[in-house]
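The following pair of complexes shares a single chain, chain A, combined with chain B in the former and chain C in the latter.
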Partner chain A sequence: MAGVAAVAGGVPGNKVDWRLAAPLGLTYLAFFAAPFVILLGVSFYADSEQTRLGLDSWTKFYGDAFYRKVIFDTLKLGVFAVLATTLLAYPLALVFRGASPRAQRVLIFIILMPLLTSVVIRTFAWIVILAREGVVNQTLIGLGLTSTPLNLLQTELGLVIALTQIEMPLMLLPLLTIMNGMDQNLIDASRALGASKWRTFFKVTLPLTLPGWIAGATLVFASSTTAFISQSVIGGARLVYLPALIYQQVTVVYNWPFAAVASFTLLFTVLAGIMALGWLGRFARTS
Partner chain B sequence: MAVAGSAFPTPPRIVCAQMSATAASAAMTAQPLTLDGITHSYGGALAVDNVTLEVKGGELVALLGPSGCGKTTLLRIVAGFIQQGNGKVLIDGRPIDTLPPNRREIGIVFQNYALFPHMTVAQNIAYGLAARGESSQVQAQRVEEMLATVQMASFADRKPKQLSGGQQQRVALARALAMRPRILLLDEPFAALDKNLRLDMQIEIKRLQRQFALTAIMVTHDQDEAMAIADRIAVMSQGKIEQLGTPVQIYDEPATLFVNSFIGSSNLLAGRIEAPVEGGYRIALGNGAAWTVPSAGRFAPGQPVLVSVRPEQMLLADEAANDRFPVELKLSLPIGGELIHDVTSADGGSLKIAMSRRPGMASGRSGTAFCGLSDHARPVLFPAPQT
Partner chain C sequence: MTQMNRRDLMAGAGALGLASLMPLRASAGIDIAFDSLFAVDQVAKVRAARGVAPFDCFVLDPGPAAAAQAAGLFEPIDASKLANGPKVPTGLITSHGVTCNAQVVGIAYNPKKFATPPKGWADLFKSPYVERLGLTGFQTTFGTVSIIEMAKVFGGSATNVEPVFAELKKAVAKAAAVAAPAAMPGLFQQGQIDIMYTNTNTVAILKGRGVDIEFLKPETGAITFQTTLHIVKGADNVASAYKYIDTAISAEVQTELQKQPYNMIPINKDVKLVDTLDIKSLDELAKMVTHDWTVINPQRAAWIERFNKEITK
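Now for the complex of A and B:
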């Protein structure tokens, strides 16, 4: 649980010199907090010309089933990305734990490599892979598994596949760190006490690595729900998520109050997901 | 603490009666453990080299040796965490090599106790029973019984983090014993404990091991621990067992120079065989004295030898004699009931001499004295290593 302790941090009895945080704090105040307040103000204009005050933008957004579905789809996308990365990351983390230091360095390099490539490039690569004439479909047709190409682009499945690969390092890095720091004796003790490998995983490994998973899941959730480029390039016009909706309202429709409402909704959607994960972590620690 | 009560070799009668059912059934099932020609290497490095060891039912054998001697590898092979390259592990005559760790019914107490930090003391103790599929009623009953056995009944709902080192070790013992294991393995069980607590826990472990009539192996690099609680000690070096024997045998009759210098402290004096005598040899020491040393070993006249003498088997005297040699007293340290003298002999050798200290005595005589063997001395003869 060293990771948790480090996050919960703070050396007791030490005075914190807050002035050290001043440069970043002031920058945030000027370029994040202040615009944020302005944005909140803009959301209370009733019309796109920003002439009239009122709650019309809010009621219009939340009164429309289409926009409510966009919120739900965005949340769902985040949940799917978290689930998919989790299912792939845990087995890999177990492999990583058992690997020699040399193999671990190679694995870390492979895991980090996607981060060294631009998201745009990674996303377009997935188009090549998922398209109707792409690698996946050509292989499936070549093997005779399907006669008509599968529709993967502009589908949620295709997007989740691409996001899983793109967001994977965010899940893996915290998970690998905590997994590697876990005491081997705990696993050995569990095995010697008669527990099978599966039981050991669910009763010991999983609960003790949960803080790392929560950190990873938080990053993946926040990142995939706001992944504007991947969502728009792979999802296309058929799949609408909050980031694309905001972009469209700002640059195409020029309805800034409405875009402001959508922005706040996105922010609170992500926050809600993160808080749910945090609550899960507290629950797991006390139980 | 309540531990004081357990300082007697046999636990109080009431405890005996309370535990009689389990202790009696365990006594009948004390199973011998056999290691038959175990060999294991990591990569190219040989860690365990053809080790054969028979641990009798209900016996506690300590694997004693410096780090890297292969003792921990041996322990992990018995537990099933490492699959040995060669050789067999048998419990009660049946090989267990193909069994995974969770089917070997071996209890382990780890050096850092390895209690599950996210579980309470009671959950830790019940862990193995739950894994085995015991009903919650049996679990609760056994947990209560084990907590009473290790005198931790009031700590059932604590988390391991809230316990002291000694308490954690009691829980670790209870957790291992709750499974009614066939073999108990102890991995450096006292290394993480305060010195004051060690003796208490040594007595406690010995008591439990006897009470449950368990065949046990303890791994340690600390000779005092091994001496204190082992029935027999296997001194290991470079993957091999150098000597296997009772603590007294190991201390009084070290078989090799390695065992001699690893166990206790000793003075090594260079000399030469002069002639065989009845039951031993007459030795001409390099420092001029002549000793008659009993030995069953075979040495040729003129052969260079090393004579090992424990510090407490030497004395300092004022008068010269032909079995004494002159020394210069450098330093005297009063250590508890002993006075340790550091002396130098004429040929430059440094020796330690331990004498029992009378109250008020702070240092010995200074200057020149004559050093010889005390009446009960039993020096050991080794062939001098070739240089």
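Now for the complex of A and C:
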């Protein structure tokens, strides 16, 4: 903890030169903050032609149960993706931790491999896997587990399955980093004192790896709630999420004030989810 | 050779661009930069640019073209500057646009999956077709005009789509997929759907990939509309844009465009149609169903919102 305190407090006479952050800061100011303010301004136009000011777009969006459900569904998708990636990532991270250096290199390659392929390609590959005549259905029919193909595409379940694979590296990489740095003595001590494997996991491993999980969950949540391509291609038009709604309002309906309200909603609901995950960090232990 | 930077010329229509690239370079010494965009995205981009043309030419379907025209995003067209203009049938060069190809929309189905093909739009809502149907909404030109034609067979019109919404609500629970328009060919190819409404261009592309697919003109008639080229208001390279448009409607480029992988229906009268297209002569287009987009566009936003709310979960 002493080391952490020294960094946090700073070394006297060794002040941070804020000019170092100026290039990125100015870029953000010009290309994020300024458009952000313009977007906010557009949202206060009452009509799609942007001729008169008013709160009509806001009241239409939040006054309509359909759009409130779109917000809820978008957040729910993010939560499901985080849960699914967590359930699969923790066992793999534990295997990784116990593996030999050579096996770890192989595992890292396998984990990183999806990142080397475009998300568009990965998403379209899931059509081939989940379709009626796809790999999953052919296998299930071949094994006699079902006589008619299951409907996996165009469902929330299919979308969560695809997103779990697509977003998995984002969960695994921070988790592996923190799990590899975990003190083995603490686990050994827990086991030596009679705790079961499960009790050791929940009382020692989980709290110690929580910062890694929070980082991974934040990335997965933000990425899956805004995954326009996967949501559109795998989810189809039966499932409406905020990114597709924004695209539709911008490019087809040309109702930019309404799209601006939806954009702000997406931004702040995702931000709220990230803040909630950050709040969990207070329960993390570092040693 | 005139080297143009990316914001100088052309948007959309990758096929049109690719087929025109070499002839334009050879004949006019013009190099083209492309922005690969859907028609709706082109219009959105130019509207967002607020007077600073991000490219010089649009390639649009009639819906987005009518919206862009209403928003004043086109330069007027001087037909006398197009050497190939007289080769284009009367009426296809207007005050603000030049038709570069025609599209024909109807029903596409997998002949191996149905003992008897459907006859018309109403059949899509009946068994065994509805269970294998891929539905798409009002986001695209082909989707919008197809649903209007469905509305007509159920007693509606271009201003009254109420009857088809009633049918869609019943069909949506049974339909094989309700998807984004761009996803439909992939879903058909993967066997997720076996029947859909689409254009001959998509059918020819899928057929070229070995997919079992046939195009069918509904008994009430196939739909036709034109894809048009326009010069963006305030474009930097108007003279080059005219040369591009002229090249695009030339017999040389139009002949290429009707072949694989483009499969577009040509509009140049000198072009002999290939047999892979689903029409035998350009005269057939005159007998097909057409739509007035100045009537459709004002209602479209409400239809899209309704489709979102009623047809999706």
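The definition used in the following text is that the second predicted complex is superposed on the first by the 268 of 287 C-alpha atoms of A that agree within 3 Å, B and C clash if a C-alpha of one lies under 4 Å from a C-alpha of the other, contacts with A are read in each partner's own complex, and residues count from 1 in each chain.
Here, a residue touches a chain if its C-beta (ideal position, glycine included) is under 8 Å from a C-beta of that chain, and two chains touch if they have at least 3 such contacts.
Quick caveat, the model's predicted, so the values are computed rather than measured.
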{"item": "Fit-or-clash call for chain B and chain C when the two complexes are aligned on chain A", "value": "fit"}
{"item": "Once both complexes are placed on the shared chain, angle at chain A toward chain B and chain C, C-alpha, multiple of 10 degrees", "value": "150"}
{"item": "First, second, both or neither for A:A189, with chain B first and chain C second", "value": "first"}
{"item": "Contacts of A:T146 with chain B and chain C, given as first, second, both or neither", "value": "neither"}
{"item": "More chain A residues in contact - chain B or chain C", "value": "C"}
{"item": "Which of chain B and chain C A:T27 touches, first, second, both or neither", "value": "neither"}
{"item": "Which superposed partner A:V253 touches (first chain B, second chain C, both, neither)", "value": "second"}
{"item": "First, second, both or neither for A:F124, with chain B first and chain C second", "value": "second"}
{"item": "Touching partner for A:R199 - first (chain B), second (chain C), both, neither", "value": "first"}
{"item": "Contacts of A:P207 with chain B and chain C, given as first, second, both or neither", "value": "first"}
{"item": "Superposed arrangement (fit on chain A Cα atoms) - minimum chain B/chain C Cα distance in Å", "value": "46"}
{"item": "Chain A residues contacted in one complex by chain B, in the other by chain C", "value": "none"}
{"item": "Complex contact set, residues of chain A against chain C", "value": "48, 66, 124, 127-128, 131-134, 153-154, 232-233, 236-240, 244-245, 248, 250-255"}
{"item": "Contact footprint of chain B on chain A as seen in their complex", "value": "1, 183, 185-186, 188-196, 199, 203-204, 207-208, 285"}
{"item": "Residue numbers on chain C that touch chain A, as the complex places them", "value": "38, 40-41, 43-44, 47, 67, 135-139, 172, 176-180, 183, 186-187, 190-192, 300-301, 304-305, 308-309, 311-313"}
{"item": "Footprint of chain A on chain B - complex, ascending", "value": "79-81, 100-108, 110-112, 114-118, 127-128, 131-132, 175-176, 179"}
